[in-house]
Amino acid sequence: MSSESLVRADVDFERQGKQFGNLAVPQSTNSAGWAKRFIPVVVIKNGSGPTAVLFGGNHGDEFEGPVTLMNLARRLEPDQIQGRIILVPMLNRPAVEVGTRLSPLDGCNMNRAFPGRPDDTITGMIAHYVSSTILPMADLVVDIHSGGSSTLFLPSVNMHEVENQEQMRKMLDAGRAWGAPYVFIYRDVAGAGLLPTLAEQMGKVTLGTEMGSKSQFGVETLGITARGVENVLDWANILKRSSASAPPEPQLVAATEEADYIMASASGLFEPLCELGDEVKSGNRLGQIHSIEHPERAPIPVLAQTNGMVMARRAIPLTLQGELVVALVRPFEFS
Amino acid sequence: MSSESLVRADVDFERQGKQFGNLAVPQSTNSAGWAKRFIPVVVIKNGSGPTAVLFGGNHGDEFEGPVTLMNLARRLEPDQIQGRIILVPMLNRPAVEVGTRLSPLDGCNMNRAFPGRPDDTITGMIAHYVSSTILPMADLVVDIHSGGSSTLFLPSVNMHEVENQEQMRKMLDAGRAWGAPYVFIYRDVAGAGLLPTLAEQMGKVTLGTEMGSKSQFGVETLGITARGVENVLDWANILKRSSASAPPEPQLVAATEEADYIMASASGLFEPLCELGDEVKSGNRLGQIHSIEHPERAPIPVLAQTNGMVMARRAIPLTLQGELVVALVRPFEFS
Amino acid sequence: MSSESLVRADVDFERQGKQFGNLAVPQSTNSAGWAKRFIPVVVIKNGSGPTAVLFGGNHGDEFEGPVTLMNLARRLEPDQIQGRIILVPMLNRPAVEVGTRLSPLDGCNMNRAFPGRPDDTITGMIAHYVSSTILPMADLVVDIHSGGSSTLFLPSVNMHEVENQEQMRKMLDAGRAWGAPYVFIYRDVAGAGLLPTLAEQMGKVTLGTEMGSKSQFGVETLGITARGVENVLDWANILKRSSASAPPEPQLVAATEEADYIMASASGLFEPLCELGDEVKSGNRLGQIHSIEHPERAPIPVLAQTNGMVMARRAIPLTLQGELVVALVRPFEFS
Amino acid sequence: MSSESLVRADVDFERQGKQFGNLAVPQSTNSAGWAKRFIPVVVIKNGSGPTAVLFGGNHGDEFEGPVTLMNLARRLEPDQIQGRIILVPMLNRPAVEVGTRLSPLDGCNMNRAFPGRPDDTITGMIAHYVSSTILPMADLVVDIHSGGSSTLFLPSVNMHEVENQEQMRKMLDAGRAWGAPYVFIYRDVAGAGLLPTLAEQMGKVTLGTEMGSKSQFGVETLGITARGVENVLDWANILKRSSASAPPEPQLVAATEEADYIMASASGLFEPLCELGDEVKSGNRLGQIHSIEHPERAPIPVLAQTNGMVMARRAIPLTLQGELVVALVRPFEFS
Amino acid sequence: MSSESLVRADVDFERQGKQFGNLAVPQSTNSAGWAKRFIPVVVIKNGSGPTAVLFGGNHGDEFEGPVTLMNLARRLEPDQIQGRIILVPMLNRPAVEVGTRLSPLDGCNMNRAFPGRPDDTITGMIAHYVSSTILPMADLVVDIHSGGSSTLFLPSVNMHEVENQEQMRKMLDAGRAWGAPYVFIYRDVAGAGLLPTLAEQMGKVTLGTEMGSKSQFGVETLGITARGVENVLDWANILKRSSASAPPEPQLVAATEEADYIMASASGLFEPLCELGDEVKSGNRLGQIHSIEHPERAPIPVLAQTNGMVMARRAIPLTLQGELVVALVRPFEFS
Amino acid sequence: MSSESLVRADVDFERQGKQFGNLAVPQSTNSAGWAKRFIPVVVIKNGSGPTAVLFGGNHGDEFEGPVTLMNLARRLEPDQIQGRIILVPMLNRPAVEVGTRLSPLDGCNMNRAFPGRPDDTITGMIAHYVSSTILPMADLVVDIHSGGSSTLFLPSVNMHEVENQEQMRKMLDAGRAWGAPYVFIYRDVAGAGLLPTLAEQMGKVTLGTEMGSKSQFGVETLGITARGVENVLDWANILKRSSASAPPEPQLVAATEEADYIMASASGLFEPLCELGDEVKSGNRLGQIHSIEHPERAPIPVLAQTNGMVMARRAIPLTLQGELVVALVRPFEFS
């Protein structure tokens, strides 16, 4: 089938000034033969300089990105920057519309769909356009995530440990600049095809985030997100700010073992016995899983298998076997 | 049709000691002609004395009740009490199993289904059994709720303002005994048929709760729930505790105006600009609603229409027109 | 359960001037514990005088009413009328939002739900509010229907033959005033609980309509609807128009026999062999139904069982056994 | 709402000869505003004499009734009978069309919907028409059931133990005449509203059946059904047969204890360790339930709680807590 | 996986005479392990001569093709033709059965699935069989479309502008021969993988159609389709007709600009202010979109962005952002 | 995308002794961002020797495999064997959990998904892991099937006729060793991508089974399965049994013609007129299909098109056009 993207943008990525527009993705449905899905895109350009691309809504139940980037898009004027900012506040907009992690149109996880194909289902078509048209323009790639509906996270900027030392150093610098309490180095334990993985492989300075907190979506996490976006744009010399106090130094942490990611061994109601930030030791009972069918039975313990700090935990008590309940981290040193 | 309940309990409510059992509710399905749904029930009885009935899982996405009551049921032994405790940790168990507010079997809200009918759909059949068999045994009725998946609440014990002053005074006493930061007097702005409303009308000392907090389900809210249940059983002279420090005096608050319950005037992404506990004035912008379809448009403001403190706010940004986004309260005085 | 309506209107039906507002209907969902569905309502009042109530969107796939009444609501100013106009442009708004005849929330047909109950599912709660609060205010009731997605209709105003001769005469006068080509007297062959039936029983001058045509939704049918609404408001002495030419005299037609309503005897693809307005005789082949599974078989004929004119036919070829394919009428005389 | 049935039959129950027709039940859908669901009905009448009414397809996954009664309807000619036979081969035809126990249109169990109401959902509308129009014409009522998709049954005619001794004796005589290996006296352990219960209460000679066998639907069970129907019509003096050998005397059995109906105490895969016809004693292991999530765990035993013979067992291994896995019977004596 | 088609035809494409048969496509389902879906195919052959292949039901909600081709298949006898006619009246039969554009089995659009693969989901398996087995036999390919459930079209034969001038001239000749009022040259604005595009690329004389009209499915459009099919078979020297008057010369029109295809900029109720055939100028208001949620707001205008004639418009008022609402054309000249 | 499997096993296939573990397959869902699906796997190893791999639950509605292999896994101890046994009792566990043939997660048929890809949907990811990691370890491959919910089968071991004569002879020997009444040689009439086909192509001694019987799931079929598994492990010199009587010689049968697999020519209710094991001749009426919509019509006959014995028949009366209703076999000779 077609080897060229069928996606069309109604913005000109090279034009000076600010443009609100859409990526239009062909999508035949039972209620419309000729139809397109619109993915909003904003381009702000002033003179020449580096390009930052910022994504929100890669997962449809993580709203810190969409809200922060929409506020930024309306507020920021071209003369406040030098270079170019491309904002895609709702990358998986069909999922954002219904508030689910996966796209309701094809059931796909956008963050497992990269690099995508032009003749893919809609999620892969969008991923392909991003991979082939948008990412190549970027110097800095930011993909804003949060715990979403299922996980609580300590607010953090995250990245893989990439091989290129120069790229790694820049990424850590950018991560520190954000101002989040943690910079988190993670492994891919649940699949391939991530947007940040691809961007890293393309050599881009790439930041993911988990803009959660103990209190999920709210004033605090929105603040960390909004300030972090400005800080990192400042770090990249795109945003022209007269002055800003240096952000506090984050902790560098990493979950390097498969065993740091604790999956539920049984389905049931997960009761947490620890909270984010707690230091735990291997063998500690971090939670327990109650049987819905047999409440008289003792609950099944969730035990730490490594030593570390609680970086994330499941937010929803209702749990299926195999779902992540706790993730532990230890200090990370980059030499 | 039948005027007698078809529900059968396999516990003997009059027997001394501790029994784990089930309410069995006939429910024909496509995969089983003769089948019953089991609703767990626990009876703990020691000698004679008052009866407390405690419900969890009235809404299937509010897990503080189920977890607390299952822990209590396994831990508590008859000789620790005087009188009788009846625990129904997952009143709407079909909903608990899938983690939704409403029953997946008939789409019904258990807390709008009272008093129910014997020939109702399953939610109403359970409600009818509770109304006709369990509630009449009670001196104290506790219905444990929390914000669930859609709302954040300041942790509180709640009740209507009932006409009978003696009953009201006892209910306030019991509410104070719980040890939650707030006792919340509320109006029914979203329907009739509530379990607590019926229990109050039957003259029972009735406590509802909203065991939420800024951080939703977690160690803190589970602690408030577990301690509160023990405190109120102590207050009722059922739980024999040697000593417990008096709980701190809660604030009494009430949302007496229809305008205290602010519904979204438009669908979109709700961004909160206030948090639980904030004092606000009429006209303050408490949040704003962003258009998903038109991110370039200014968001629609959510304005306070009364003065008060933020008692609850919507936890999920994705919002439909008409959904509660903020509820405000003011100090309540009982004379 | 509750015998009082839980529906609240935020308009004052007695206030002079024009108000846009909503009927708010409590509706708990899995994504919002405290929530309301809004049904738009518009009140325009000037001085004293008769009250006309106009409904659109009783069925969610019939859009002539919603579009016409929304245009009217925005255009009409109080000083253009004498008396009161109450507009409910999308009576079954949940169905209008998804474009289906029945409500997606409870599967109910609004036009079979009258008079409804306060503790009904949402369709019946709305019907009950209309029955108990809105209809009693009316002198003239207009319920705008059209063929919707399944049927083509000759554009007509319709009514039952009511027993009260005075009421019948007024209804025929009002029907003639509309200016549609036909006034159609019909029988209830498919159920009870219709809004117009209830309004007629309450003694109101009641008009239903089938604002279809050979070409379904479009400029022509919208024009007939818009002009008809103005004409009948003029007839009722509510709309103050300086002058308007008298509408052409409509044909009075009636489908008085059960056999005038021809249902498909088999499922398959219905091919019409007649069109609206054709005169046919008993035994004529009006269409035929092709087998999808066995295209080699001769199609099953659809035969007229009475003499008459084709008033309506099925718009969609895909047909289930028992669905109406053709309705015939004959001239009606009122003496 | 309406207190009269909206169901129309296009057969004349009083006419001599054979008529194939339908009960037409109004049913508005999203694809047809004016539509009816057809429930086939066949009337065969010759002279005067008693009336037998036979139902198949009360549950939509039990096909012995529909196939047997359709074959009978096409084969039987009026001169072969004396009196009247009314056949409703697919009482819940919407369920038969999709092969499910419950109606796909309203989720209702036809055999829990009696006597129904005229303004009910479709299942109750049909039940009401049967209760008010068809059953009153009957001298003999036969409701043909089988194990359906979920249960294996020893082939049997069944009934409750009715109070009227004369009626009971006639019912047992009719049951013996059928020629099935068993006559089964049962209790209603799973709800109210059964067709046979209502017919018994109306004083009719009423037979239910469970036309299963070890081999489910097939030549053997169809043969038992077809011969049984002829035998009982002969017994009732309606079918004129020159000669037929007397059927073998059936065993009379009854499940009189609630504990005879064994429900699964846990969900999982049910492995039967006994088969239909086995004699078992209280405490015997009749099966075991394997955990899908934890195959390393010992399966949960299903133990007999009474002595008896295995009359029925679950046909499908996949089992939910509360579903019937085994039913036991003991010899029954009628004095 | 397999590189050979698993589809089997039970007709012999080389046999003289008329055969009704099926393409059998393997399709495992939950209700049948070994099962096939049948796609009807009819072959009519007489002597030697060119081959015409005609498809209907490429989209399941466009019934002009299925009805016309089924009528033709039953009526046409071999001696009426010279050469071969292959009819596939319901190419996407699973979609035809439920009346939806897309297949209900895999959600795929048949007209975006070409050329398909042998190990594709069912839509692609059918497409692959057509691409690899049926199209190569064709001299003339006709793919009958109409507006379906979502769009109104001026009745037209259509095609792309192909590069090969000889092929283009023949296609225009064939198009003129059809006798539809318009020959429409279009661009692919909504995806790739169309059947006609592939046939054109294979060098076949290829005609698409949009057999809609202002009145959608009915006697008029069926007539245009039936006559057109005969006319074009006559043009191809396959159908032997003694005489037929030359069809009127159609208008040649084209929509060559992306801006000719106007997509809705907002979701809501689309009210058309123009009709098919109207001449409009850039800037004209062709319609407006009403907000369902905020009826008090002014509707959003749909403006022409080019000059032209209205060739198509959305048939359904309920509209999502991005769906086509109007398509404009201008005269086309082929030199 | 990734070319390496993302599936992880927590057993060590080379370790001596018995291990219960799982294959963990990454699977993002809306309720868990980081999650895995567990497919149970059991490894029993003692010393060196051949490896047998046994699969159950390839189709989720065929429970003989899961139950037999779970019982075996718990009972068998390492010292009872020589070599290695790898058990995957529920290969498509997501399908087993809901009792459907196809996976509820991606709608795929596991037995059409081989060899799969690492970046496939979940069914293909599992198939790929089996193809690339588990099958290469095997000397003997057993894939336990049965009729499932839709088909009745004579109990049989089955295989294709493979080209390699040595392999074929070993497979027949192994098949005879099982002890089932039949060894069945079959053709792939319904698709490609089967597990046994791939194993055969890899040169493995491969046995499929259809462990059905006239009575579907029950004591008899479970016994044939359990004994057969032990017999074939004994044959392969893995299971150390002191003595076992030689199993009776099975009949070798084959369905070599496409016409041996009779598909329904029409939808309706299939009434079987033959049973498993019956000898039939071409032209015999094996069953008939009744019209649900038109019970007055004569049923459509199902005729044998070859001579043979009934090996399988449809278990469910409700039948769609194209579904297998009867399969016939004839004696097979291997020379």
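As written, the chain order gives the labels A, B, C, D, E and F, with residue 1 at the start of each chain.
Keep in mind that, in the parts below, a contact is a pair of C-beta atoms (placed from the backbone, for glycine too) under 8 Å apart; a residue touches a chain by one contact, two chains touch by 3 or more.
Nothing here was measured: the structure is a model prediction, and the numbers come from that model.
Among the other chains, which touch chain C and chain D together?
Both chain C and chain D are touched by B, F, going by the contact rule given at the top.
Matching B-D on over half of contact pairs, by residue number: which of A-B, C-D or B-E?
Matching more than half of the contact pairs of B-D: C-D.
Which of the two pairs, C-F or C-E, is linked by more C-beta contacts?
Answer by contact count: C-E.
Specify the chain most distant from chain C by Cα centroid.
Max centre-to-centre separation from chain C belongs to F.
Give the label of the chain whose average Cα location is farthest from that of chain A.
Chain D.
Once you find the CA centre of chain A and the CA centre of chain D, what distance in Å lies between them?
58
Once you find the CA centre of chain D and the CA centre of chain E, what distance in Å lies between them?
50
Just the number, please: Cα centre separation of chain A and chain E in whole Å.
About 43 Å separates the centre of chain A from that of chain E.
Quick check: what residues of chain E touch more than one other chain, meaning two or more?
If we look for residues of chain E contacting two or more partner chains, we find 31, 38, 99, 149, 293, 316, 318, 321.
Among the chains present, which pairs are found to touch?
Final set of chain pairs in contact is A-B, A-D, A-E, A-F, B-C, B-D, B-E, C-D, C-E, C-F, D-F, E-F.
Once bound in the complex, which stretches of chain F touch chain A?
1-2, 6, 8, 24, 26-38, 106, 119
Can you list the residues on chain C that touch chain E in the complex?
Residue positions touching the partner: 20, 38, 40, 42, 63, 66-67, 70-71, 73-74, 89-90, 93, 96-99, 149, 152, 214-220, 222, 269, 271-275, 290, 292-293, 295-296, 298, 315-318.
Show which residues of chain C lie in contact with chain D when the two form their complex.
59, 61, 100-102, 109, 111-112, 115, 147-151, 189-193, 258, 261, 263, 314, 316, 318-324, 327
List the residues on chain E that touch chain B in their complex, please.
Touching chain B from chain E are residues 266-267, 293-294, 321.
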